[in-house]
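We just call them A, B, C and D in the order they show up, numbering each chain from 1.
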Amino acid sequence: MGLDMRLLFIGDVCGRAGRQVVVNRLPDLRARWDLDCVVVNGENSAGGFGITEDICDALLNAGADAVTLGNHAFDNRDALVFADRQPRLVRPANYPSGTPGRGATVVETQKGARVLVVNLMGRVFMEALDDPFAAAERELAAAPLGHACDAILVDFHAEATSEKQAFGYFVDGRVSLVVGTHTHVPTGDHRILAGGTGYISDAGMSGDYDSVIGMHKEEPVRRFLQKTPGGRLEPAGGEATLCGVAVETDDATGLAIRIAPVRLGPHLGEARPDFWEP
Amino acid sequence: MGLDMRLLFIGDVCGRAGRQVVVNRLPDLRARWDLDCVVVNGENSAGGFGITEDICDALLNAGADAVTLGNHAFDNRDALVFADRQPRLVRPANYPSGTPGRGATVVETQKGARVLVVNLMGRVFMEALDDPFAAAERELAAAPLGHACDAILVDFHAEATSEKQAFGYFVDGRVSLVVGTHTHVPTGDHRILAGGTGYISDAGMSGDYDSVIGMHKEEPVRRFLQKTPGGRLEPAGGEATLCGVAVETDDATGLAIRIAPVRLGPHLGEARPDFWEP
Amino acid sequence: MGLDMRLLFIGDVCGRAGRQVVVNRLPDLRARWDLDCVVVNGENSAGGFGITEDICDALLNAGADAVTLGNHAFDNRDALVFADRQPRLVRPANYPSGTPGRGATVVETQKGARVLVVNLMGRVFMEALDDPFAAAERELAAAPLGHACDAILVDFHAEATSEKQAFGYFVDGRVSLVVGTHTHVPTGDHRILAGGTGYISDAGMSGDYDSVIGMHKEEPVRRFLQKTPGGRLEPAGGEATLCGVAVETDDATGLAIRIAPVRLGPHLGEARPDFWEP
Amino acid sequence: MGLDMRLLFIGDVCGRAGRQVVVNRLPDLRARWDLDCVVVNGENSAGGFGITEDICDALLNAGADAVTLGNHAFDNRDALVFADRQPRLVRPANYPSGTPGRGATVVETQKGARVLVVNLMGRVFMEALDDPFAAAERELAAAPLGHACDAILVDFHAEATSEKQAFGYFVDGRVSLVVGTHTHVPTGDHRILAGGTGYISDAGMSGDYDSVIGMHKEEPVRRFLQKTPGGRLEPAGGEATLCGVAVETDDATGLAIRIAPVRLGPHLGEARPDFWEP
């Protein structure tokens, strides 16, 4: 066919500011870059903690094909209910069995391609969950690239760079893109691994960067100085930056042939996929 | 005087590959960019774990003005001895009192400017040490910017992005540059904070990026799959990438006026301070 | 004088059930065992999380000479205020400077003896605080046993047995009693160390043991099975057990000459200091 | 038949001192108390770290029917090999699949009863392993009490008292004894839960208690004071205390009807199962 696929992943949408930048800009980006598939991490989209059905719908309506989550998946209990009826919402696959929702979903693009979207959580410095490497093995066995689907995107939600990199090598050649999330800071290590998997340690958050990982900075800073209880953590409300990663896959293999960071907004240096700019 | 200062920080030098890229390229960079002061994190320079006196000397001879450390500071016990006699080696200032070496040092540049170099370790997901925020307060009180020194560089060696960002705001306006280290992955969030402090969450390591945070990848990947003992961790030996951050300070204030990432070598996208390129 | 001192320490009072058993039984115990000094850990006395001024007063009125705390010290924000005006309330001494309240207090017994009560928090598997060993050194230097006071009781609030035991040896011979708290389970390792310091790794909680560390067991058990949010943690309300440790000190040295566990109530095997039983 | 079963569990055997007390005393205890089944935790039996085949044999020859392990299971790599050929050695069942050895074994007593011995590791403050609650569910489904076996002993190797207690309630009525290990300190909370399961949060270690959790105390204490590398950890070599728990099960149900701590040796108060003493 000769039709490569263009994927955009957008990192942890943080609060109202983060939602606004995604809702405002994604429709244009989708058209401008002729995107086939967009995946957005929404674990912080509802006031910084979790996601509601309305917000999930808003992200999907803005042009996301699927929404992934992380350790904050169920902070807003709405998600305990609507996760089961929203097939395009994906929570970490290595949650215990019985957890509402699903750990992977297949999105069909307008051109008819199938994209497997998997969400996993790391375990280093994180909650005790089941083995994400074993969970990935199961998901990939169930829907191998080139057979059950035309592209595979894994949102690996984790703290430690060692675990993220190890995971990247573990699935290299079997997945189109491994994108790390959770630290809320974009990394500068986007690349295509030897086996053809696109990789970046962290996509960064989409939110106001005049903040501590998306939150009004006064209270987080105070918590490092004092060990007494204080105010609540609230998402910072200034102008947000959209952060993510753009990947183009080879139609023949489903593997990555181009990768570039995306950073649009104040505070951080702008980054765009030059190879898609008209 | 109208003479701004040009600082280069180079992130965690990892093993022989990391040393080679620094020793080979730093002399040229120093000349090409007309650098006033270079600081190198050397906590992984000896086989990935710690530093020896010979290696420290090699880094200094290659053009470093000071060498900082981190949680691996004393992995090689050489450092327990020579840390006391090498005034240009700086270990985290929030180690317990009685720890060999010093937590801060003042470097004099060729043009006669004084640069205070401070090393601190974060505590989130790290060893229990004394409060790095309180330690910073003490160091800055002892040698305030604009009085006792003309520039201040803090290597904040930490895991969590929240702690790094909070620290950046905490010293914003009082320090020329806060550069995070320890994750061995460069972040894409270099910027100048509102008060004038240059900031980047992580400089990245200087070493072979075809690795898990600088180490041959087979053993680290295995350790995520199996919980049994296996081989040793060895630094990866392929061609290394030099990672760091370039900052220019304002002569009048000692604060940052320009900041750019530096990434020179394979695997990662190249980055240079355009504003210094001849 | 020939007058030895009798000290009773009562472990983490947990919720209403815990308060009741202490308030109901302490007056009798104080008389029956002719106690000179009673110290109660109250960090869980208000609904399992923190302490209020009324509850603190109730514990003092029931016969406590001092109330110690721990990681839950300020969960109830009342304590942020009344800690400063209640000299018999002691929060961990290794909180950052500026924390309300005090880390040590001297209690005068009815016979005129002075008992230094110190509260410290361990750092292994706990929050990042300042070094408890260094803090102990400072407190002991300020009020050494046999000089500034006649007995010293340290409530070492910590998770890891290694840190508790190491602390015991560290102050052995300089303190009358090191009593561990925080795990909410009494240990069977009460003894007098070589230097004369009474030691027990954990006093156990005072509360309803038909629970998970004092809390209604359904929700904690659920949290180990599911990683989704659920109900709140509520103190178990069944009949409580009073747990603690009884120590007799030598008038000449202030060191321990007798030690015994105290466990009074259902669920656990009863334990009393036989040497004081009439 | 009217024949109840007598089980003795002995906690983490620590180094040579621990082995000696077990080898010297177990034969007599086995006869004196007419024991049906003895299980010994051997994770620290080889120099404090792991176990060798010779040591495992020595423990079995001294009267153990099975040997359990924990986080130090494979510190001595001997165990990677002989775990597969020694059916009476049990390592945590929630290690990843592919780990050498087995997570449960059935021991036949001299009177012909079958005792299922399961080893599990907790996850709070421990390594990331698979869910021990789910693993227990699988083991109990495979060999339910009263059907596939006449008694079930679970060595739950964990740090946090909350996880240990929650696990006890989780299997209450389905298991004869849940015995915690790993903290190396015996707890005083032995009891029979409402459903009939004997429970103790920790059996304590078997070793020299003039130590920090079994190790020569100088180096562990130093490590709390200094953060520099020092000497090795070596098991303390003084006279050891045998620690454990004694349980009698009801022949009709396989559940516990009596439970008592066992502490034999210096430093700690002696404890014996009075109900078995001749």
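Please note the rule applied: a contact is a pair of C-beta atoms (placed from the backbone, for glycine too) under 8 Å apart; a residue touches a chain by one contact, two chains touch by 3 or more.
For reference, the UniProt names are A, B, C, D = Metallophosphoesterase.
What you see is a predicted model; the values in this text were computed from it and never measured.
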{"item": "Superposing rotation of subunit B (Metallophosphoesterase) relative to subunit C (Metallophosphoesterase), computed on C-alpha atoms, to nearest 5°", "value": "180"}
{"item": "Numbering shared by both copies at the subunit D (Metallophosphoesterase)-subunit C (Metallophosphoesterase) contact, with half separating same from different", "value": "same"}
{"item": "Rounded Å distance between subunit B (Metallophosphoesterase) and subunit C (Metallophosphoesterase), as computed from the means of their C-alpha atoms", "value": "44"}
{"item": "CA centroid of subunit C (Metallophosphoesterase) to CA centroid of subunit D (Metallophosphoesterase), Å", "value": "29"}
{"item": "Rounded Å distance, subunit A (Metallophosphoesterase) centre to subunit C (Metallophosphoesterase) centre (Cα mean)", "value": "46"}
{"item": "Residues of subunit C (Metallophosphoesterase) touching at least two other chains", "value": "96, 129, 225"}
{"item": "Touching residues (chain side subunit C (Metallophosphoesterase), partner subunit D (Metallophosphoesterase)) in the complex", "value": "125, 133, 159-163, 165-167, 169-170, 183-191, 194, 201-202, 204, 209-213, 217, 220-221, 223-225, 261, 263, 267-269, 271"}
{"item": "Touching residues (chain side subunit A (Metallophosphoesterase), partner subunit C (Metallophosphoesterase)) in the complex", "value": "74-75, 77, 80, 95-96, 98-100, 127, 129, 225-229"}
{"item": "Interfacial residue positions of subunit A (Metallophosphoesterase) with respect to subunit D (Metallophosphoesterase) in the complex", "value": "96-97, 123-124, 128-131, 134"}
